[in-house]
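Common to both upcoming complexes is chain A, partnered first by chain B, then by chain C.
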Partner chain A sequence: MLLRYALKRALFSVPLLLGITLISFLVLHLAPGSPVSARGSLNPHISPESIRELRALYGLDKPLSTQYWDWLKRCAGFNFGDSFQDRQSVLSHILQALPATLLLNGVALLLVFGLGLPLGIFSAIRSGSPLDRAFTLSSFLAFSIPAFVLALFLQLVFGAWLGWFPISGFSSPWSMGQGWLAQAGDVLWHLVLPVWTTAFGAWVTVAQYMRNSTLEVLSQDYIRTAFAKGLGARRITLRHALPNALLPIITLLGLSVPGLVGGSFIIETIFAWPGMGRLGYEAAMNYDYPLVMGVVVMGAVLTVFGNLLADICYAVVDPRVRY
Partner chain B sequence: METLLSLENLHVSFHTPQGDPEAVRGVSLELRAGETLGLVGESGCGKSLTALSLLGLLPPGATQTQDRLRFLDREWDRPTPEDWRSLRGREISIVFQEPFTSLNPVMRVGEQVAEVFRLHQGMARQAAWAASVEMLKKVGIPEAASRARQYPHQFSGGMRQRTLIAIALACKPRLLIADEPTTALDVTVQAQILKLLKRLKREMGLTLMLISHDLGLVAQMADRLAVMYAGEIVEMGDLQAVLGDPKHPYTRGLLACLPRLGAQGRLASLEGQVPEISYLPYGCAFHPRCAHAFKLCRRRDPELKEVEGRRVACHLYGSGE
Partner chain C sequence: MSRGSVWAAGLVAACLAFATAGCRGRGHKDYDRVPDADVVANGDARVDASIGDAVTLNPLLAQDSASDDIIGLVFDALLRYNPGLELEGDLAKSWQVRDKGLRIVFHLRRGVLWQDGKSFTSADVAFTYRAIMDPKVACPFKADFSLVSRVETPDPWTVVVTYRKPFAPALSAWAEASILPLHLLKGRKLSGGSFDSHPVGTGPYCLVSWKRNQSIELKANPLYWEGEPHIRRYLYQIIPDPATQVLEMKSQNVDTVNLSSVPDQYRDLSRSASFREIGRTFRFPGFNEYEFFGFNLLKPMFQDKRVRWALSYAIDRKALIDSILLGYGQPCSGPYVPSMPAYNPRVTPVPYDLGKAEKLLDEAGWKRGKDGWREKDGRPMAFTIATNQGNKVREEVATILQQQFARLGIRARVQILAWSLFDSQYVSKKNFDTVVLGWGLGMDPDQYVIWDSKESGPGGLNFISYKNPRVDRLLEEGRTTFDWKKRVRIYRKFHALIAADQPVCFLFAPDSLSAVNRRFHGLLVTKTGCMWYWPTRWYVPKSIQLYP
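On to the complex of A and B.
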């Protein structure tokens, strides 16, 4: 029953994915400039002959529809082509960049939910207390700071002035050849500022979301029933309020899946973090069509997958959901 | 008859920035073991708050004070949270008006009943589940064993109310408060639930406090009747006496509003509205709607006094000057 529902939902997402790739493909090719112009037009000595050869090499001389069709056919065999820049396969680029992004966003996600959910629940239970008010006020402030401002601020204060954490990069050159413990510690040390930047806004969002969700549940009639049974506040919170209050959080978790693997263009670029976000950004700057498309497809698939996962979780957790 | 519960001078007030208006203003009542007391009045008259006060279940922002609360030969004048918890669900239970929203939507129905057995009788998981199925059978849930594994949304309104009654009566409490138990249900289902309450009351020797805005419904069930208006009891006595010869103008008005089969003409209605608790009229709260009001009614709030075998709060029956 559940399996059929999952399969049906997965099948329905195929046209959606096709649409996303088509639009990305068109936008990419309609954007001014091309891989050839990036390499050729700045060079006064390049002949029209060579440009034509370059275009043929990249397959850019064919009609757009043919190019898209060819790309699609290759993708069907999980072959996303080779990067224009170094002729390495797109897949190997992605596989190289993926671990760094997974690490950064995995740690951030753990922090966001690990700290955000308890804070939200606590804030709801003590709603109206000075602590709750302080949290609500500060979360609005925190929410209005854009990531790039926060990133630069952290780099300035904790990197440049205090010198506590490295400003950018994944690891220090000196850690090469050291023991694995020293290497891991070095990476963690580099991780602090980017994780902080990534988690900050999301943490506050999750906590506020959980606070409102819990507050709403606590005012429900079935909570009054639980009190009328003689149950204690702790059991009511954990057994009756929490499972209901967590339901809307599933959506939030589903929406975090693409970020987990897709990476952030801005944060990874500012911190020179060798992940998916920076890979996509650099590919775009270099008109590396296959690489950009690879990153886009990856992101699209994960977004759809995250939503699908959230819906399936709902169906499992909430008995009222029919499928 | 033995007195099960006596409450003296209950006040419930709400804390607001503009002051603390009182929604219940000095209610005193007694419940005799085994009887059914009907508490009637228009919505907003404080009857539900009075009921919630007996369980310490007032909503946030509301506070209660009472001169005396005596239950089961013990004084509970200033009950602690632990006191309340030891009473709720074990000695005093309540069934609410909203069967559709009063069950936890993501917990199995049987588990919601079993929880009470585990809490108050320390039963193990399996024993509690078995007891829960038994209890569901007792309140008339068909195929209780398989139904217990379902979730509330798979139950009809009447079945949900039966489940809530099962939760309330699981630990054989002495007192059951039924706050508008049938208001949200279809008429045919209403009759079934009332029949069930009557049967369980007899079988378990319950004392019942039945709260309703529907005088006709209460008349079918109650031994004694208390009529509330604007946070006070205005008339209280044996059902037959009060219905047969109502003394308070408000009680008369309520009775006149009851539709009768074969009656001709327009249905009578009480003029005016229940006053807001922040803007209570001076003197007797009912005087602006009362056809018999005179000078004194505008000056002084009448006290409950013994009048012909029942208690009435009205200046028409001796001002006590």
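On to the complex of A and C.
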């Protein structure tokens, strides 16, 4: 029964994905300009003949429908084509940028939920106490600090002044022979400041979410009943309230999946982090159609997948969901 | 006092303590007192910061400055420019121009080795020419070689290039074309192959590793024909944010930065007392790159030379430079900037003179109406100033010009357009009144494609439709004259003619701004830059070397 539901949902996402790629493809190609004009126009050293040659080389002289069909056919075989810029495969570009982004966002996500959930629950149980109020106030303050300000602050204090963490970069320069353990430690050391910047605003959101959800559940009749039956407060919160309060968090987690690979252009730029945000942005700025499409498809697939996962999780944990 | 505010006060106090403690970074030695300052030593490394990563390390495909930076260290060309901005031999020891410029003979340097130990010969040069012209390779500078009819190699040390007609910029084209190794590329894919990321050249540095969007690591080439560089390692760090670059520079994690695009960062750095202990800042007049305010000469209003001159007098160039570049720029008088040999020193930038501007406009019939705005035959003096989006400098220039023209009673409207739209719908179709744009040109003074009347067709770079038979003649003469002194005279005449016509108002050339860590010695600082011949000249005295 559950399997059929999952399959049905998966099947429905195929036309959705096709639609996303079609619209992205059209928007990309209809935007004024082309990879050729971005590089060749108004350049005294590039002749009109070279521009024509470039167009033919990129296949931009074919009709749009043919270009889309060609692209779709290649995609079916997991071939996303070659980047216009350096003729390397789109997949290799993505695979080079993905690990850095996955690492940064994965660790940040752990931090966000690991810190946010307990804090939210805690402040819901102590709702109205000075601690809860201090938490609510400070979370709004934290939430209103823009990422780039926080990034610069962390760089200045912990990078330049104290010298505890590297100011920027993914790993220490120079490809010297080090053990993999030392290299992993080096990357983790570089990870500290960008992770805090990424997680800072988000864990506050999760904590508030969790707090409200817990409060709502705690006011339900069955909780009052449990109290009336004389159960201990600890047992009521952990066994009866918490599982129900966690349900909305599933949606939040599902929605975080595409964010895992999306990458923030601003944070990656400030910290010189070689991730997906910069890859996608620079590809778009250079009209690198195949690369942009590759990034878009990956984002779309993961968004749809995240939603699917959340729906299935709901179906599993919440008996009220019918399928 | 609540507990929260105690925390806050504590945090503020802690931050203040850090602030007063100053930059810690790497413990640095006193660079003012170096006992072995004059002893040339090998070792150490130079860490360079770049905003963008290289796109490719294949010289046939490179178009961006980051790729050029690395390719310039790995490869050599036949010729190169010296600090006087004149050509000198690189892989070619000498060269001769024969048959009135139809034939160029290069005499190659003997004993040059590729980084893999094989000998460099004339066959490599001939192969490079064939690779540039290969129809399967989208080489951006093909046009520079389109007049070549034959490349011959009578012996391993001589290359004879024959042209269909004399073409003086050919020499500068050979100075920009990196010579490729025949033995590694023969029968291989010239574009999209492994050579794109694993280049082998004859230059001072060899590639060690390239981590995309992170760094490119090079090491000194022990076989380099001018001798192995003293600085044994070179790292090109990709740091997209200039503010982060400056922070890394102050912490001595980065040794050289180029701050030409961020004058505010440069100003802060050059005024920082703590930075002066560890680094030097350099400011040079920029090379051949300038911004201009151009007229569409097909519009009747701008065909009147008096109107063009009036608008030029109405521009306060110093105010533009001070407000937009924070003073780091030079006013321009014509199509060459002061550091170029072709610059005509007798032509001065147009002074700011509202009185003259008013007078000229009155003479041209554009008189002030009752409301103070100018008009002629009942038509108001109004036009648009178009420029491309994303270039802060040009957007600001357009806005300031609008205000400066308003003082003269002229209504100008600013149009900021996405580059592709600006180019395809406005500039290429000559569908504009005036534009704010810039030209970045090579070292060769040839500007045929920008000013010759034959280049004013659709899609041509002479989109302002400038036509002057005397200029056309000079440009043709300059292209066919190989004698450098004669060429300079021709282009100085051309400079004066263009300045007199004011087909565009020449505005300014931004300065080139950079910073270098002070542990480097042996810098050759001339009025054109501080990086000249750095691979062979720079060294770090043993006592202050930073990297093992």
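Things to note:
As a convention for this text, the second predicted complex is superposed on the first by the 317 of 323 C-alpha atoms of A that agree within 3 Å, B and C clash if a C-alpha of one lies under 4 Å from a C-alpha of the other, contacts with A are read in each partner's own complex, and residues count from 1 in each chain.
In this section, a contact is a pair of C-beta atoms (placed from the backbone, for glycine too) under 8 Å apart; a residue touches a chain by one contact, two chains touch by 3 or more.
On a predicted model such as this, the values are computed, not experimentally measured, just so you know.
Superposition of the two structures on chain A shows chain C fitting alongside chain B with no clash. By the touch criterion defined above, A:D86 reaches chain C but does not reach chain B. Here the vertex is the CA centre of chain A, and the angle it makes with the centres of chain B and chain C is 150 degrees, a multiple of 10. Here chain B and chain C are compared by how many residues of chain A each touches, and C touches more. Of the two partner chains placed by superposition, only chain B is touched by A:D318; chain C is not.
By the touch criterion defined above, A:P32 reaches chain C but does not reach chain B. In the superposition on chain A, A:Q155 contacts chain C only, with no contact to chain B.
In the superposition on chain A, A:A226 makes contact with chain B only, not with chain C. Within the superposed three-chain model, A:A134 lies in touch with chain C and out of touch with chain B [touch as defined at top].
Once both complexes are placed on a shared chain A, the shortest Cα to Cα gap between chain B and chain C comes to 22 Å.
Chain A has no residue lying at the interface with chain B in one structure and with chain C in the other. Chain contact summary for the complex, chain A toward chain C: residues 31-34, 37-50, 53-54, 57, 82, 85-88, 93, 96-97, 134, 137-138, 152, 155-157, 159-163, 166-171, 173-175, 268-272, 274, 278-279, 282. Interface of chain C with chain A (complex): residues 3-4, 15, 18-19, 21-25, 45, 47, 52, 55-56, 61, 63, 135, 138-144, 146, 191-192, 196-197, 208-209, 211-215, 217, 233, 235, 237-241, 243-244, 247-248, 250-251, 253, 418-421, 423-425, 427-428, 437, 439, 441-442, 447, 449-450, 459, 461, 547.
Looking at the complex, you find that chain B touches chain A at residues 55, 57, 84-90, 93-94, 96, 98, 101-107, 115-116, 119-120, 151, 153, 164, 167-168.
Across the complex, chain B is touched by residues 220-222, 224-232, 239-240, 243-244, 247, 317-320 of chain A.
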